[in-house]
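The structure under discussion is supplied below as structure tokens; questions concerning it will follow.
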Amino acid sequence: MKRIGILTSGGDAPGMNAAIRAVVRKAIFEGMEVYGINYGYAGLVAGDIRKLSVSDVGDKIQRGGTFLYSARYPEFGSEEGQLKGIEQLKKFGIEGLVVVGGDGSYMGARALTKHGFPAIGLPGTIDNDIPGTDFTIGFDTSINTVLESIDRIRDTATSHERTFIIEVMGRGAGDIALWSGIAGGAEQVIIPEVDFNMEEVAAKIQEGRDRGKKHSLIVVAEGVMSGNEFADELAKYGDFHARVTVLGHVQRGGSPTAKDRVLASRFGVRAVELLKEGKGGLCIGIRDNKIIASDIVDTLENGKHRIDLDLYDLSKQISF
Amino acid sequence: MKRIGILTSGGDAPGMNAAIRAVVRKAIFEGMEVYGINYGYAGLVAGDIRKLSVSDVGDKIQRGGTFLYSARYPEFGSEEGQLKGIEQLKKFGIEGLVVVGGDGSYMGARALTKHGFPAIGLPGTIDNDIPGTDFTIGFDTSINTVLESIDRIRDTATSHERTFIIEVMGRGAGDIALWSGIAGGAEQVIIPEVDFNMEEVAAKIQEGRDRGKKHSLIVVAEGVMSGNEFADELAKYGDFHARVTVLGHVQRGGSPTAKDRVLASRFGVRAVELLKEGKGGLCIGIRDNKIIASDIVDTLENGKHRIDLDLYDLSKQISF
Amino acid sequence: MKRIGILTSGGDAPGMNAAIRAVVRKAIFEGMEVYGINYGYAGLVAGDIRKLSVSDVGDKIQRGGTFLYSARYPEFGSEEGQLKGIEQLKKFGIEGLVVVGGDGSYMGARALTKHGFPAIGLPGTIDNDIPGTDFTIGFDTSINTVLESIDRIRDTATSHERTFIIEVMGRGAGDIALWSGIAGGAEQVIIPEVDFNMEEVAAKIQEGRDRGKKHSLIVVAEGVMSGNEFADELAKYGDFHARVTVLGHVQRGGSPTAKDRVLASRFGVRAVELLKEGKGGLCIGIRDNKIIASDIVDTLENGKHRIDLDLYDLSKQISF
Amino acid sequence: MKRIGILTSGGDAPGMNAAIRAVVRKAIFEGMEVYGINYGYAGLVAGDIRKLSVSDVGDKIQRGGTFLYSARYPEFGSEEGQLKGIEQLKKFGIEGLVVVGGDGSYMGARALTKHGFPAIGLPGTIDNDIPGTDFTIGFDTSINTVLESIDRIRDTATSHERTFIIEVMGRGAGDIALWSGIAGGAEQVIIPEVDFNMEEVAAKIQEGRDRGKKHSLIVVAEGVMSGNEFADELAKYGDFHARVTVLGHVQRGGSPTAKDRVLASRFGVRAVELLKEGKGGLCIGIRDNKIIASDIVDTLENGKHRIDLDLYDLSKQISF
């Protein structure tokens, strides 16, 4: 394979630029060419495509977001859209495609693969909810961003003796809540993967107070309910005056951490190695600290992201 | 005066610990003693008071919040509460008091002064809304915290071509919104001090789009309306899909900036100098880059914080 | 004046991009055109000049360094170089020039002015050593960068009971050392503007130890001597095992703080206002919290940056 | 086992406090008691020991350094010191010990184990050079601290077209250099585990220049040589004007990252689980993303930290 394409799709995540950079540089190192496609599948269908050089990815590794822009484009779910996309790729002489994004992006890559066009998916989302990998590009940055906010809120909580509820992202997954909650020393972490009982939540806050604890931080994954709903529910069980913070889109941005940049680089390099050998229909991941490639169809159909429940148990044992 | 007290009151602000540290160290440098009062006026009335040594303020200058804790205590509005507070101060042999906080805290200091007890107010609040000073302790940290969030949100905004609305604190004042909005390169800044017209807001976003601008950031001060209300109103004027971020309590926390730590130190030192000379009934501020002391009664009754409207005009000229 | 130029010169400083952005946007707001000159005076003489649009300064306000690049170019000290520069400016139809930089840059602006070409200097350097202003663009960012490092070193110092010496930049000025030293709670600050006695430095460390102080931080301005020389000298006075950290070029980089971005914006806007009126031969500054413009010849010949010695006295009173 | 002790030893690392906190909380959760030993083995021998409660570890998880202080204490290499330490432990009724530190700390734990006292080692050092684990507590924070500095230096490098050499810590290991170099987009990474040829280094810089590259960053591990020596050597091969930054002790401090806090928590919890079962003579680690416990004698005698050479190869392929 001599010419490959790359696009970013779905919600952006810190480290996407590092992945693009690694794909471009590794491909050029291997004597291949890389074309960048703007605005994800929308740009693919529209032919918003250009050649990328080494200098196009200079001074980008440290930047949040994606310089190829991203977009959600449900039209790519139709066969018509997919064939149009392949037509564009062929027009530019592109023989293989790297897609960086979440599960919607993988669906597109799977569709291209089914049509015989080699596509490889890289997991890029802060939510860490993609099957086929332990960690996604952007997750580490995101939990550190949340952590900074928790640390700041604790300053205020400590000064005032209050209960604070912090709603974090994660879509249906509790990974951001769990990791940032443990790291932030939150008293309680509420995630969609584990049922909770509001009466017990209230009792635990009360126990802390009885022990002289001056403040309480509860991290709630958006997949459970909103922070405000949670506060309203909690108020039914006692006089807790909870303050709610909804961290919102700050969690998606920021300069990627070292781990995210290295992970993105490793994923990008592996994707090029596989495409160079003519392999497609795969998604890259890290499993047990090793870079792996899995069948994208099988992964989407039978894989499932699983949160680390041992970590959840741990949180129960050291947060009280 | 040989023995003084210090308390922090109202909403906490980064740099309060630096102010306490400066008061303690300067007083000890001058051969005086300092007593710390926990939980603001509530702790004053309750007699939650202890002597502070140099080592009590060690390793504190970099910490957010206030290690003396803070509390709102409306009961101090009554003469009964005030006299009880003075009784406690006298019990501990305290001859003068430094109060760090917002206007509620100043009210208490004024009341003590009217009862003949020398009290000095230091402006400590992120909102920058205290009369008698150009800048308050905590404001600089707060605008930098907001700025980090704006920078992060811009990563995502740039990647996706969207309108983002960021609601920031400030109570009735627009200072946080104005400074962070200019520094963050926000397209529009909405503050309570200046009327705005939603139709014009919408038109300005549309003009940007027509010029090819991919995203738009609007910073809204909480004193105007909530970010969600703003988005709902805006939606009446066009198809803007605005995403709202409410920055919340993260704005109150964090390690203070260099400017806030130095400002707090200068304020604290001046307060001790004045109390040493037996002077009370004053509030400290910085005006035109000089540390000043004003009559606290006069300042509260006739002073008024004024936002820098020249800066607002500037924002109109370089943000579009 | 309808067309102006802008260049950055000398050592780069965080906020230079914000200044360029403000100049470009304000000029366009006023119906003027702006040309960017790469690599300072070197690029001016070489004619490395291009028109800047609003989108050229998009997504730049948060970036460290200068996207117009900078260079030292002593050849601009000669009349020949200056006349060549003016020739290039005229070739592009440029009628006035904004120069952002340190005193070397001001010299160039003064020379152009003497040759009848209107030039305006903006103070851009982390060192805060430019006459005609209380603060320079980049100084606030720099002291916060140093402060972060001091805070990190204190973690280690506290854990180990050691003396740490931190060498900071500032050329001949002690401003960075003084502000970051006070903000960082350093025990001693050594600046070129005030003589020091190594025997007293050693005695002060010893006094701290005798009081039970576990560690000691000394901030040394590079204008005094290097950190390593300082440690060697100190070692002659006792068993201090000082660890030396030379902060180096990290102090020049990083995303500018809110204050630096706002200051740079205000300076840039004022420069355009003056050029629009046909005025040159000036340098912009902030004095007592007000934006001012001074005669550049007079400022360079008779002005002198003065460190705030009151702040130095304050440091003596609260750092021990 | 009902009562355990904990100490931190050797160079401090961010996350040590999180480890102590996890040990204290997990032990209390299991109905055990924890005693904290100040100043590592020195404090153990001196009996500087106290009971730790849940509130002693409150508000500590986010702090750099170690609140139990650390010290190097070669005297613990002697049997006399070791037996004195065990005597102190018995005096306080302590039945097992957790040691957080580097290989010197492990030596002490091994000695205690050989004398029949159950001790468990947790790998705590920024250098990532401990056998028995893929990652140490503090490494992730350290590479992010270095990365921030590299990002800052690149601002200046980009503005000026220069070669920058950054000397980073790591003792005999190149892990900090390798990870931060890849993440920082450094053109070259020089580590002790792989021979290098200065002529090739120079040639690579020259190639970059010939391609139009404006600047070059080289990260040098301290285990190879000092940054200044490297610059002097490099200067023999061409006109490179390299600027050197020695990052120094800032790399040891700072608030720990999310990953370091979670890793430290997992290590601490596992240590308590093992001691509760009466097991000692082990060291905890993470291997292939799973928490493991290995025999400490075997690990020290036969284990060896191995840098990830695949990652080094990767750096060669995407950094040029």
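For reference, chains read A, B, C and D in written order, and residue numbers begin at 1 within each chain.
One rule holds for everything that comes next: contacts are C-beta pairs under 8 Å (C-beta built on N, C-alpha and C of every residue); 3 or more make two chains touch, one makes a residue touch a chain.
Labels paired with UniProt names: A, B, C, D = ATP-dependent 6-phosphofructokinase.
Here the structure is a predicted model, which is why all the values come from computation and not from measurement.
Bringing subunit C onto subunit D by least-squares fit of CA atoms involves turning it by 180°, to the nearest 5. Legend: contact pairs of B-C compared by residue number with C-D, A-D or A-B; the interface matching in over half of them is A-D. In this assembly, the C-alpha centroid of subunit A lies 35 Å from the C-alpha centroid of subunit B. Here the CA centre of subunit A is 39 Å from the CA centre of subunit C.
For this pair, subunit A with subunit D, the centres built from the Cα atoms lie 28 Å apart. Multi-chain contact residues of subunit A (touching two or more other chains): 151, 154, 158. Taken as a contact graph, the chains are arranged in a single closed ring, with each chain touching exactly two others. Across the interface of their complex, subunit C is touched by residues 8, 12, 14, 63-66, 69-71, 145, 148-149, 151-156, 158-161, 164, 214, 243-250, 252-254 of subunit D.
Taken together, the subunit C residues at the contact with subunit B in this complex read 18, 21-22, 25-26, 29, 54-55, 58-59, 61-62, 134, 140, 143-144, 146-147, 151, 154, 158, 179-180, 182-185, 211-213, 255, 257-259, 261-262, 265-266, 268-269, 287-290, 311, 314, 317-320.
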